[in-house]
């Protein structure tokens, strides 16, 4: 950590800063330049957490050297993590295809959709029982009965299933019926929910907030990891956009960035990430080419009958055409592996 | 509602759209132009909620005429709402000054801060017992003991108090110790929390999400209102920013926009909204000049000792200088009232 | 075009709107619903350009059906355009590799760089003689002598060359020395420059503005096309970002979106688009997988000696490893062609 | 300047960095902490411009201590600048009211508008002869004949006039007919235009780019100042917005931020800044309360007849009601002066 002093910082202010650092058990090294004085802190800068050095009189800025997350950082865990969801592996060169309708609406129809996505190559089923909706008057999911359908259909088709938990009170119930808990974009910084997911013995799919930096996202993952759950998969799903032509701006550059900063697997959701089904296949291909460990896709046999997010669902036959392309792209990357510098 | 058909929409697709509208109990009026056909829906468009017309073959776009919120809309409630928090009134030409430290850290110090802000002109005390923090390793508030301090200090200084609830499980406890429940920016779309706050018999301060539109914000308020709680105060606290010089971009244009669209009172938090204490007084003045019903300010007698957000806290003496300016600006507006067209 | 009237629009206001439409030589069709009246305009809505219907008393909103660009639209030009730059073809299934240093600094060194990128597989050379720089104190290019070096090196290595023109006064000079004129991101809406480029008999590379929508970008292309130059190639180079970890947020979803809306070729610049050389190869692969017609890459044999943008330049050997991957990805797409619905 | 080395930086890489600094004539001071080594540069960091230290092997990051602009910085010019435009003063406690129609369309009508805004309290007339328009098919101004009308009307009503120059080739002509040259938002980083404006002997109104930081904006001003023109007034006019309810997000926090960083006067344009005439008066009040030196407003006696931007123009009678409010708000600030810490 380095502390840059303002020009003309008073001696008593400087002394006070040095004292605070020393009280934290750390050593200092003072460099005096022509214009400025900088104080280098020797030792573990975490010992100064909770000391608001930025606000001490005479301080211009504080430069921290370590990221605010630990367990999520690649430097503390150089090997890439692989997360198992039932028989499906995410990370480590496997290609995860998470697919299914946005919401569970009715058993027979969900079963048909699940069979279709399995036949098309999906290895993880998705479907919402609790649906976060911008307006309270939109369809908000079946709730508990939806979870029962999820579990039953998941068993029948033989695919593990991921579904969203929106509330700490529902988390146990969700965990009983699903194989992976999704934390949605609106809840990326819902810390009590993250901690509860961290205590569940089940993998967590952590979607990125629409206006969150990669560092904030890895901090959110840190809440889950720090609560004892090592099985976190990140999911990019689009950032807030100023262009009305798309619902969100899908950020694929986060894929190689996450690979550099963290050991956690990352998948991409181009359905929410664009909001337009005509852009989904191209963005799924691009996600895999960027190095993603998988894609999450809304697939619906009859989108016009879906009660939510129908505009972004592709058809099962589109998924079927897409999967071999994704595998072929991943094969190219495997031959030319990404090297973490 | 109007439905615009694609050029060359097949007759059977058009028939299917008309059938869906009629099945909802609505009448249609078809206009054929040179290039395009448009279908006007006669009657209450809400009856078509849950019918994903956008995804019907042959549909180019659907234009809805009503906002997605009802109870929050000015058109259903022309008079401005006034929310009472203890003896303090928010809205209706009153000036609310919500002030206090970011977090409750220790009773004696919090009492001193509360006395200072009251003396400086605040009429509502703020302070956090549960603190949402980006990193799990930062100070996250005292929790339940902090709530006890809040209640005790609030009584001693004679100011009602607002504090944040982050989890449905803590909401009752928060409601017992505070006079107003804050829903923070990260939880603006935490719908279970909004519904729980809607069932509390206590005013709610609803902060805007960092990347949420005004319409999404009013939809979030609708969750609270629809659950039975009419006492919602909106709080603008800054939008995600691409400029590293500020922590957020404070959006003051939302103040007159909310006044036009809704009857709910609105206050502005320039402390979080800028993240820099040197910008806070100017932005507080601007907020009142924009028509805000009050301001929410972080005030700390010794910012360098604060465990959170110290960079944005002003001193009690700065608040004391600011309050008469805010009152004078509001007085100017009162003489030249904002007319809702 | 449809005009939605406000509830309670006065009869005289309605009559005035109808008169304005009829004066433009267009017919109307009025639909009266329960809540609202909508006026459909029958005929060519362009005849109403310059009539500010939005501001007529009684008008709530005006819905236009046609995009604001014509020549750039796929609907007026269904076949994909192919742009020839010397012997290199952009579009039509070819893979354009535009590569070279950010700026021309010195002849010998630029020649070495050009030879290296040609050997690595580039088919178009890039290099700046006029450099737009945020600060006037940064290196702003060699100007005219730089153009001479560009031309000489381009001939020697046998690659056509693209370079930026920043001013209408320099455009002819640039056109004499280069094979393609680049309009930079800061000048995407510099309309006099676009028109001047439209009068040049030379292909134009039009970079997207950092905060411009795809529609605004296609309108900028329209300026060039409308001035008589059909040879426009679009170049995505990243949007303004709130995440300090990257210089820009590269928007790859614009690639399939442009393919749907327009016939113009599109390439992607992941060097500026991310600002980090460690992310460039992954984003180049993703761009091609998204359907881009090529990539534009900063390549420098000794980045630490570059006078501008050195942080985002890759090494010639990295380019050499990348090109076969890009070709292999494009080959996969060729087998599974993108269908424009 | 400080250079932070990567963990494990090789000795030869360290030596190379030190050598580059010493070759620039600067001294170094090396601090070795537990985790990291930091090199402090003693002396004028500008001497290292053009040395891309960030890209040297072994360098993690470079921290610069000085802003990239000099002449625009308050530290080099502590007193606030006052810019004279004819008899009107901008800065120094004066209130500039720049008002008029968006575009000059016809002499008689423009004269009527000018008389109306003068009567309503404006002290600077605005009107466009060259209009930047997103689509080439929209009304782009009268050009040279419009300039003649501007000059003639300006003389007749006795108000100085500001108008936009879009091209270096038109700048002289604009300068001959106007009293102040406007550089529009799309041209904020059109450096040849900025330099040409810097050589004109006439004040410059520099609008902020829609996605530019305050630092980038002050760098753009630096181009004008560095070319020899000290008379620059900044104009905030809204940032790119993700909320379709407004055309832009007006950033008022830039007002006190500019006051802290620079000595240049700043005005605010709430017409473009919101794009909605119903929000303009409130945002004009807020701008003055934030400390702006004036406001720039689109005013049109009959907005529905305007050929451009009619949705954001207020009526002369609205301006007349607004001006005394703005003066009264400024009076409050004068009694409680903003202190630059």
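As written, the chain order gives the labels A, B, C and D, with residue 1 at the start of each chain.
Just so it is clear, a contact is a pair of C-beta atoms (placed from the backbone, for glycine too) under 8 Å apart; a residue touches a chain by one contact, two chains touch by 3 or more.
Keep in mind that what you see is a predicted model, and the values were worked out from it rather than measured.
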Set of chains adjacent to chain C and to chain D: A, B
Farthest chain (mean CA position) relative to chain A: D
Interchain centroid distance [CA atoms averaged], chain B/chain C, Å: 38
Between chain D and chain B, distance of the C-alpha-averaged centres to the nearest whole Å: 31
Distance from chain B to chain A - Cα centre to Cα centre, in angstrom: 26
Set of chain C residues in contact with two or more other chains: 211, 240, 242, 244
Residues on chain D engaged by chain B in the complex (per definition of touch): 211, 213-215, 239, 242-246, 249-253, 255-257, 260, 273-274, 276, 278-279, 281-283, 285-291, 321, 324-325, 328-329, 332-333, 336, 338, 341
Contact footprint of chain A on chain D as seen in their complex: 2, 4, 29, 31-36, 38, 40-44, 63, 65-66, 240-242, 244
Touch list for chain B against partner chain A, complex: 46, 49-50, 52, 54-57, 68-70, 132-140, 166-170, 186-187, 189-193, 209-211, 216, 219, 222-223, 226, 240, 303-307, 310-311, 313
